[in-house]
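First chain written, first letter: the chains are A, B, C, D and E, and each begins at residue 1.
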Amino acid sequence: MVKPRILQQNKISTKVGQKPGFLFRPENAFDTRLFLISFDEFELVEKEYESYDELFAYMQQRPHQRHWLDVRGYGNLEILENIARDFNIHPLQLEDVISDYQRPKVEEESGSLFMISRMVTFTPKKLIDDDQLSIFTGPNYVLTFQSDYEDCLNPLRLRIRGGKGIIRKRPVVYMAYAIMDVVLDHYFPVLAEMSDYLDELEDCLFKQPKKEILSRILSVKREIVKLRRIIWPERDKISELLRSSPEVIPDDLKIYFRDTYDHSVQIIDLVENYKEMSGSLVELYLSNINNRMNEIMKVLTIISSIFIPLSFIVGIYGMNFSRENPDGSINYLNMPELYQPYGYITLLFLMGALILGQIYFFYRKGWFK
Amino acid sequence: MVKPRILQQNKISTKVGQKPGFLFRPENAFDTRLFLISFDEFELVEKEYESYDELFAYMQQRPHQRHWLDVRGYGNLEILENIARDFNIHPLQLEDVISDYQRPKVEEESGSLFMISRMVTFTPKKLIDDDQLSIFTGPNYVLTFQSDYEDCLNPLRLRIRGGKGIIRKRPVVYMAYAIMDVVLDHYFPVLAEMSDYLDELEDCLFKQPKKEILSRILSVKREIVKLRRIIWPERDKISELLRSSPEVIPDDLKIYFRDTYDHSVQIIDLVENYKEMSGSLVELYLSNINNRMNEIMKVLTIISSIFIPLSFIVGIYGMNFSRENPDGSINYLNMPELYQPYGYITLLFLMGALILGQIYFFYRKGWFK
Amino acid sequence: MVKPRILQQNKISTKVGQKPGFLFRPENAFDTRLFLISFDEFELVEKEYESYDELFAYMQQRPHQRHWLDVRGYGNLEILENIARDFNIHPLQLEDVISDYQRPKVEEESGSLFMISRMVTFTPKKLIDDDQLSIFTGPNYVLTFQSDYEDCLNPLRLRIRGGKGIIRKRPVVYMAYAIMDVVLDHYFPVLAEMSDYLDELEDCLFKQPKKEILSRILSVKREIVKLRRIIWPERDKISELLRSSPEVIPDDLKIYFRDTYDHSVQIIDLVENYKEMSGSLVELYLSNINNRMNEIMKVLTIISSIFIPLSFIVGIYGMNFSRENPDGSINYLNMPELYQPYGYITLLFLMGALILGQIYFFYRKGWFK
Amino acid sequence: MVKPRILQQNKISTKVGQKPGFLFRPENAFDTRLFLISFDEFELVEKEYESYDELFAYMQQRPHQRHWLDVRGYGNLEILENIARDFNIHPLQLEDVISDYQRPKVEEESGSLFMISRMVTFTPKKLIDDDQLSIFTGPNYVLTFQSDYEDCLNPLRLRIRGGKGIIRKRPVVYMAYAIMDVVLDHYFPVLAEMSDYLDELEDCLFKQPKKEILSRILSVKREIVKLRRIIWPERDKISELLRSSPEVIPDDLKIYFRDTYDHSVQIIDLVENYKEMSGSLVELYLSNINNRMNEIMKVLTIISSIFIPLSFIVGIYGMNFSRENPDGSINYLNMPELYQPYGYITLLFLMGALILGQIYFFYRKGWFK
Amino acid sequence: MVKPRILQQNKISTKVGQKPGFLFRPENAFDTRLFLISFDEFELVEKEYESYDELFAYMQQRPHQRHWLDVRGYGNLEILENIARDFNIHPLQLEDVISDYQRPKVEEESGSLFMISRMVTFTPKKLIDDDQLSIFTGPNYVLTFQSDYEDCLNPLRLRIRGGKGIIRKRPVVYMAYAIMDVVLDHYFPVLAEMSDYLDELEDCLFKQPKKEILSRILSVKREIVKLRRIIWPERDKISELLRSSPEVIPDDLKIYFRDTYDHSVQIIDLVENYKEMSGSLVELYLSNINNRMNEIMKVLTIISSIFIPLSFIVGIYGMNFSRENPDGSINYLNMPELYQPYGYITLLFLMGALILGQIYFFYRKGWFK
């Protein structure tokens, strides 16, 4: 497994002083691909276009249909700028679309919306990975922008293709809602995976607390904090949408946004829970270190307390005090024990008793668990 | 006892991208049972119905009575959908009802209320268990939904059956209040049990601080945090009800809601107290580990400090410096002590004095408590 | 002294599902006693009544006087219910009065006030003890309720009896203010005693940090948190009174309430200070444990570092390497030191030098303080 | 140096139940002294008066001049009460003036202001010392009250005496501003001294972390918290003044108050910084204790690891296994090493190699720094 | 590398009691230099002026051009006061300009703006260095003040010189925006460098946790807290600008300010992240100390546990119990092991087995990693 790091290399854009709205082609940008789903209640056409002009002409010809233009990859700035021109996107908004990182937000102008959502995925290696999804709505279209080809919107595409239901009858803002809702729903499985990961870490803590675990816990904590930074503005975004005028979001659609709002609050609750829990894991880890120290010290103390005094005792009887007085007579005061017939055996018994006594003492102190 | 875990397996719904309001039959859902209490000031009829149609017909025939339809178990989606249709429940609301987890909230529409409360119970094994209770009010009925057959509303049922008092004369919103109030009142015994549990943990801490206690404290802390997440929106819910128009809640009933509001604030106070206390228990545990370490070290140090120097002393007199010079004469400088008549006894006395001196030294340092 | 506990047995009422306003006679309730002080500018009559009817008749006859009816002990529910009926007290309010614990609050209805204050006392055993004082005002009377016979209002009674001053001329709401103010003033000596107690704990920490001190600090912290839970709503209560209409509190009295408001804010400052300080004491305690550990380790290390090498040295000269070769000749290589005339004395000197050297080394390291 | 204490003996007034506005002569109160500065654009008279009546008569005679009456010491209650009567000071305000501790606040009534500021000084012994300065403004006078004779207003007095500038032309509220501003400006040198003190503590931490340092850090932290309690309401006070009507503070003076507001926010920033830093110092201290423990343990472990095994080895060759079989023949199996010609020297070499090996091992582990 | 310090010598201005708006020439102030860029859509003139009068005359003659007067260095107070007089700058504002430290803020008066921004740079030695940039706008000019000659505005100067684009057509407030935006954009590379620095510290922590690292982490934390104190008011400043009237900032420019607002919020997110991370590093450091202690203790315990009992055993066989009874007969009970033919070898084997057993025991406990 990769060495866990607490600090994550943040991709911070460091261009300074460019004129606002100036576009950089991001490094390693994917080629731009254009997907269009056009539909009304009766018909649905889905196609990937090579040429933007062809696509735009097609949309122009079908003003009564609804269109979802899905732009993936920012490799071709020219196409992006054409789209911005044709769909009335401000250069600063386009800059936001292409930038590495924007917080979830919504901007409303003359009835059309510009929203930024963040799509999250979980992998045990990189933990949380979050990509930006930019959504624009117009009278009869929804535009989405994302930097790579994978996303979490397939369930929605299936619903559009399959169902002739509500989504194909409602105004396009409903589809914007549906996209936002699918993105938000995707947080739940990610959080479930995160929960499993935390669970696994707790298991490790109980089994064998390795040094790296703390790094791992702290890096999960960092990711939870990151999630928190994403999900709070997400909630604010939805709450702002809920307060918008009926021209932007018809009143009968508001209940759907309120539902999404509830979801965002639930996600916040879960994220806050995980934050608390990762803090608890740190506490547990630290107390585990101390507990291990206690155990190590107990082993040392038991061994030392038993054998150091015994060594002293046998040291006594290794002394060479002279049995003889200078005049050759026997000195009965110098170490008479050595000359007792049962001296050695008595000593062994005494030392055995001492050992048992100490063991009993430590047992009573509860040092053997 | 079950091994305590800090992390709790959260049941996170992971269905993504379904159309809003789409109903899943929850796994392990209980069969749907229907209980109806119909009453006015003079009469009360209470019955469990097998057939929803029969029940609905009965309600239709008695428009001047008040009805409490109590739906338990979400196993039969068809019945639930029929109820939603007949009682004008929005699909998204029905989805909320069936979902695993919703925060307490209230939604008001054209004078009728949709409220979600959470019923909590305490068991030493699982600590806090919380179930969702959904309440709808209409002109002459209250609908409640819950996922299993057990609840904490029996005291209220007894009151309705027994008393001919206020509850059978007041508008149905009073009954909604009564249900909410009983649910909230039930928090107090749960908190009392939690307090006992914390108390028991503190006892354990003083007696024999085992390793598992920290996990147990941290899992109680997690539950307290969970309670907090429930009770704060509960308070907000009641506060929103207090601000609602007199058509929804007549002014003379507001005082009852204010009383419930006071209860919710008291619960918050208690929960915050318990949070603080569980934090104190963690601090106490950690300092206990350190105190034990101190004690272990004291034993080691006392034993070592006494016997290691003594071992050195007896080691001296175990040396084999020669008493004889090469010329056979006696070398009076090499270890003359060994040849003193009282050498051994003097040494024993000296070592005894040393031991006593050290014991006195450690006693003065307060190492024997 | 009683064993300090962090957790305090909270008296949590666990009755569930009773109809709102239902009265329980609290366990161990004191007999209800009735004290009446009736006065105008010229006259003052003070009496304890056995019979409530007699008392009420007396009040009825003197509509132009002001009356302070002081009800102590909740043993006789019937009297309390009669008072509620005669003085227009809502059953829910009466329930609040009798309940164990209500936060400070104020309710205003048609110009009369219902206020709850908490009277605190400090004892070294139980630390903070808080009793509830409920105050009702009417056109010409003030009603107070308390659960036992002791209170902190005697200074006020003395002022009423003695002074013919402002308190006997002003509207009754001034008396309600005066009661509330006396209760709040009583927090200051309690805080002073708490400060002394904390001071004593700090002294203990410096002298001899016993194990129980942490429990004691943590239980003081708990009490401080409890005080905080009381005093913040107290402030809110006064702030609400300040915003009330001139009919309830005449404008020229507002300055008195603002003064009380300032006091409540001062109390909050002090309580927050004490909270901070008790946190500092915990930090100090924990660092003291570690410092003691350091000291213990130093003793062990000094003793071991000095005597373990010495034991090795004397061990060398206790070895029995043979002085004789197999052929009987002397082996000058095996332990020649033993046969030097000054061998023993030289060794003793060397070991003495080693000891001094080590002592100097540890002295330089600053291990002897 | 005085023994640092975390807890500071708080002077808490413990008089309870006195009638509001009742004045106590504070213990150890200074004699009341009266200083008057009267000036207009052309003239300035400054004098200390013995008699208040004389002073008041002088002020009455000069209604077109501006007066700054500076009252120092609260020893003579009669004078204070006369001033209160003549200058229309409410008894509760006078009580505030004399009281030990009031938070910074402002009260406005019919165009005149009553403000409380706190003057701080720093001494290494007592750290922060704060005195109360009460300011009243009237149509043509400013009244200030302080409990002792020293204050930080001398720079302002010099400005009034010296300059004929703006301060002598503007309305008196400008002078109130000037006083408040000087008091606030005085926080900066105090904070600079505090910064030096913290710096010195950090130096101590690096040199020789004594036990008392933690107490000292924690007592600085307490003082910082105290400052915070003073400076936040100071900011609120100024912000309230900024919102006051143009009759109280003319619009062209508001810019001066906004400047003072900026200063108060800067002070808050600094105080919050110091709070953070004192927390860092605590962390540093605690980690230093642990580092020292590590060092102590390293010494013990190195010495023990080297010499305990060696002692065992020399112990082996101190055993007395018999070289002779019972039949008198030589037992070549019992400790033959002792009889090798180079046995002793070989052993010494081996032990030397063992010592070097261990030293290398610990060196590689980085235990010698 | 310089010794890291947690406390940073704060430059706190300690002048007290000066009249508001009084100017001090800062110590070590740079000579004042004047740079003027004058331009319209067609022409651009850029020049450094020696004489302010000449410069002002030039500006007066070209009322239809736009001017950016860039004042660097506060050494010449006279010039600054002339500028203040000519461009209508209040003395208090000029005082703010020259002062060491002002929080970011904006003041608006009659359509012109006074803004303070802080320019930050990162150096590994001093970490964050922040300089103040003061901006004034007028009908056709922008004034900037900074204390030294280096700044981060060069990219903007290049844009003005090069592009004939939007910046030379828009009203001057757009240029004020552009300056503010460049300053803010400069935070991103500074944060990237800070991230690298934190990263390096984490690396050090894993390799060899030296004592100084904690100081270094804590001083980074201090800098992050400093950044936070700067960036939050920066955000508030922009948010205030966003709410200003269309006369001050035309509506079509608001979108640019909103973009800058988004940037400030992103910076806040990053700064909060770094704060969290530096806290995690402290936790990691502390747990590392404890882990090292554990390792040290393990070495000691393993060595001691193996060799102390062995020393005892060999001590036994070094005792001198007499083989002979007083009558000269052999005492077969005293240490018979010494006289066994295979005694020594058996003992060596037994001790070897003991060593292996203990090694296995510690291996099973996981003490060898």
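Here, a residue touches a chain if its C-beta (ideal position, glycine included) is under 8 Å from a C-beta of that chain, and two chains touch if they have at least 3 such contacts.
Computed from a prediction, not measured in an experiment: that's the story for all the values here.
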Contact-graph separation of chain A and chain C, given in steps at minimum:
2
Contacts common to chain C and chain E (chain labels):
D
Angle (degrees, nearest 5) of the CA superposition of chain D onto chain E
70
Please decide if copies chain B and chain C contact each other with the same set of residue positions, more than half shared, or with different positions, and reply same or different.
different
Need the CA-centroid distance for the pair chain B / chain E, whole Å please.
41
Intercentroid distance (Cα basis), chain B paired with chain A, Å
25
Residues of chain A that touch two or more other chains: which are they?
286, 290, 293, 297, 300, 304, 308, 311, 315, 318-320, 335
If every chain is a node and every touching pair an edge, decide which shape results: line, ring, star, complete or other.
ring
Note: ring order chain B -> chain C -> ... comes to B, C, D, E, A
Help me check something: in the complex, which residues belonging to chain D touch chain C?
5-7, 9-10, 12-20, 90, 92, 95-96, 101-103, 105, 107, 208, 211, 214-215, 218, 221-222, 225-226, 229, 282, 285-286, 289-290, 292-293, 296-297, 299-300, 303-304, 307-308, 310-311, 314-315, 317-320, 335, 338-339, 341-345, 347
Write out the stretch or stretches of chain E touching chain A in their complex.
152-156, 158-159, 163, 165-167, 178, 181-182, 185-186, 188-189, 191-192, 195, 198-199, 202, 255-256, 258-259, 262, 265-266, 269-270, 272-273, 276-277, 280-281, 283-284, 286-287, 290-291, 293-294, 297-298, 300-301, 304-305, 308-309, 311-312, 315-316, 318-322, 325-326, 331, 333-335, 366-367
